[in-house]
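The same chain A turns up in both complexes below, where it pairs with chain B and then with chain C.
Up next, the complex of A and B:
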């Protein structure tokens, strides 16, 4: 009888152990499935979450807000299609704010894939929402040039040495807004939208710092920690990943409620990110609980 | 001679740029801008070098039928297709006078229909692998691993409502433990200290390597001729 009880207990322990072991090494296909659902469901139900603006983002918003109308803002598209979900909402929010304040927008790229992203911005935002803004007077597309940080260095001393024409090959002398642009120091603000090298960091190192030009921008979430050493002295502020973009949208809507409907690109994309994070957190907790159970069991036996 | 001339050029250019940095007056100041233009011109030629290298590697692989050589056919075909679409301005509505990326062009179609979704797909897959890797790697096995785990936990919870609700009830003296505040602290204090240390280390490394290059001690950039 006693032996039977002992056997049952042992079996029970084995069953428990099996469950713990299973939870400790969940098949990766189950993780993939749950992540897939965590991304899909918020997209389908259009789940959004309000992200209050952090000081890091608010500083940059305030900078654009405080510039006098007609200020010259250079926006560089230093990313490719892979990071569009993170970087494009930043470009969209910046453009709305820049035009809302009546600044002049100069588009360029350090990445060969950048101009296509700026063209998407023109097609989706500038042409649709700001048809009254004239090309060459209110905004201009200068396109891509090779040279990475070397290009920034050249632009700092002589802008026209590298940019003699716009993207379509028209001489820059024909555009009123290019008058008075001799070097990067003639810009009131540089916005670097990046996802790698060269990117926002290079704009700080090779333009902002040596030329004493205010620099801000936005990067992918994985790149954001690299910019913290420059804040707040060398970089006005920056948007870290999708969350940074959502924070900027929040600040824009708060200041200009008319963008309540339109400026939601990052906020709606935050839903899948939030739920994917929660699934990852849940798996980390499960993994650690099973790890401690197994460790205490090993110590016991 | 093959070694001496490149070494002399490196020495002269290196010295000129140092002088340009520390004497910000004409004519030294202009040297920096001048050399930057030279660099930009040379950078354009790197594309030709890159294209040539890509063809060399993949054509060699196809010729010798090495492992996965069939993928190299896709790479080479894609390279020539996009190159032809851009150079010959195929499908550009305005013909030769139009831009190669103009709406309706083959280049734009290839970019929008293949390159863009392929890159987006590759990057999106990261979400799945990061989830799987986090589950397996973030285990509190050691003190260091526990610190990493806690930091990751705080950063992951930062944008979520759970991160807010878990700690919003904390009294004012303990507000620094509120997850959004904690995540800001993690990024702006320990992260920044680590980043600065890395940056200073890299900068010192660059200075020493640059000096070795200027003085001709480091010659690996000359290739086999440098030995």
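Up next, the complex of A and C:
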């Protein structure tokens, strides 16, 4: 309460201050409002921007592109609904590419909230765009298992010790695409889509490195800096946040122009990113200018 | 599955979207100032999350990983694939450890819970130690021991490669020097430590930039949801 009064008092004083002082202590609600507008307006006018693919993303794209048809790709959904705007466009772009190349897709999750996200992928992409792909032959949903990195550790030595059934409880022995899967080393590529622990980092540490299995994936932007040290020796490539997803979409469209209209989930969200960043950068510049001006005034008097 | 079927009806979907939109607005209202609507949404979120995780833990961990291993024949309606499996008596060990953990609730024998905790910590330490050592130390050191000069086809590409490798190797050495406190940071050693600070600052700056991008991505997702709700596109 006392703090609120103090703030009001300060704000009252600043009304009488110079322009520089006002800019130096602008009300945080004005910043929120401007950020909100910078995000909302590009959504309304559907402003998009093309993001050229970086080597980090291109490497992963090339890896999937170079795998022979019928290769086994494991995609783990290690995120929840809170990071869907970042992770789901990655899953969508990967799935399109994997099926376009005729690979086999194995869906699983280290997070309990993961299967709901993979179900959304099945409803929105697999069922709609790839109805000819057969469950159990071209793709399978293995669901979530508890155990975090311990689960990966077990799967590395014995996959069927943990996964005896698919998500619906059907024995995996009934699915042709599960034949020959004894451990994680039987997969040609592991894609970890993560937003925290356990996630892509654990796939590198507990599967990729000890099993010498190619690992790639995508993470939220917050997690991305933690993965850079693994590239390129321990991780094939990865999508860092929404920008990474937009870069992958760009590579996909470049290689398969038929996705020009469909594959724009991340690209359309990059418009608000650009404008929101401009607003933030502007405030950082203004904040610094006012700081230095005020400091030089204090020194003078 | 029954719950999912109910939620897929158009009316239920529309109600779900409206509830989601109103709760999002209640949370956003905190940006103006704290208020009862925000508090309601926050408390609702905490309560629903706690209940959700408790249910998920019961059905995805306790039932398949413990009960189904000890009493597989009783899993008929819950986990049909477990019926017919052999009973595994080894799972009595985690059952006992799990029960011991609950002794924390009884102060007189609370010390027993330390046994279970010791097991958990021991397992985690043992599992993680070798993997972290291999992936985050040995291989990282190997990745830093790179040739500074390697022809890349064109002169510019070679210069770019060499510059990049110098930044990696030099950056790592300087950053490590900054954390070496057994020698005073003076002279050339001090200058290297100073460069180490810049390297760390650059890393923190990159992390901050990525964090901003992540938060704006999430805001974009919510704004997009609210906009579609407002124009009636998603309900």
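Here is the rule we go by: the second predicted complex is superposed on the first by the 284 of 301 C-alpha atoms of A that agree within 3 Å, B and C clash if a C-alpha of one lies under 4 Å from a C-alpha of the other, contacts with A are read in each partner's own complex, and residues count from 1 in each chain.
As a working rule, contacts are C-beta pairs under 8 Å (C-beta built on N, C-alpha and C of every residue); 3 or more make two chains touch, one makes a residue touch a chain.
Because the structure is a prediction, the values reported are computed rather than measured.
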item	value
First, second, both or neither for A:51, with chain B first and chain C second	first
Touched partner set for A:158, first chain B, second chain C, both or neither	first
Partner chain in contact with A:92 - chain B first, chain C second, else both or neither	neither
Chain B versus chain C as contact partner of A:83, first or second or both or neither	both
Which of chain B and chain C A:43 touches, first, second, both or neither	second
Which superposed partner A:200 touches (first chain B, second chain C, both, neither)	neither
Partner chain in contact with A:267 - chain B first, chain C second, else both or neither	neither
Partner chain(s) touched by A:283 [first = chain B, second = chain C, both, neither]	first
Touching partner for A:35 - first (chain B), second (chain C), both, neither	both
Overlap of chain C and chain B interfaces on chain A (superposed complexes)	32, 35-36, 39, 82-85, 145-146, 150, 153, 169, 224-225, 229, 243, 273, 276-277, 280
In the complex with chain C, residue positions of chain A that touch it	29, 32, 35-36, 39-40, 43-44, 82-86, 112, 144-146, 149-150, 153, 164-165, 169-171, 204-206, 209-210, 220-222, 224-225, 229-230, 233-234, 240-243, 269, 272-273, 276-277, 280
In the complex with chain A, residue positions of chain B that touch it	30, 32-33, 36-37, 39-40, 43-44, 46-47, 99, 101, 111, 115-117, 119-120, 122-123, 127-128, 130-132, 134-136, 138-141, 149, 152-153, 156-162, 184, 187-188, 191-192, 195-196, 199
Chain A to chain B touching residues, read off their complex	26, 28, 31-32, 34-36, 39, 49, 51, 54, 80-85, 115-116, 119, 145-148, 150-151, 153-154, 156-158, 161-162, 167-169, 224-226, 228-229, 231, 243, 270, 273-274, 276-281, 283-284, 286-288, 291-292
Residue numbers on chain C that touch chain A, as the complex places them	31-32, 53, 56-57, 60-61, 65, 79-81, 123, 127-128, 131-132, 134-136, 139-140, 142-143, 203, 206-207, 210-214, 216-224, 227
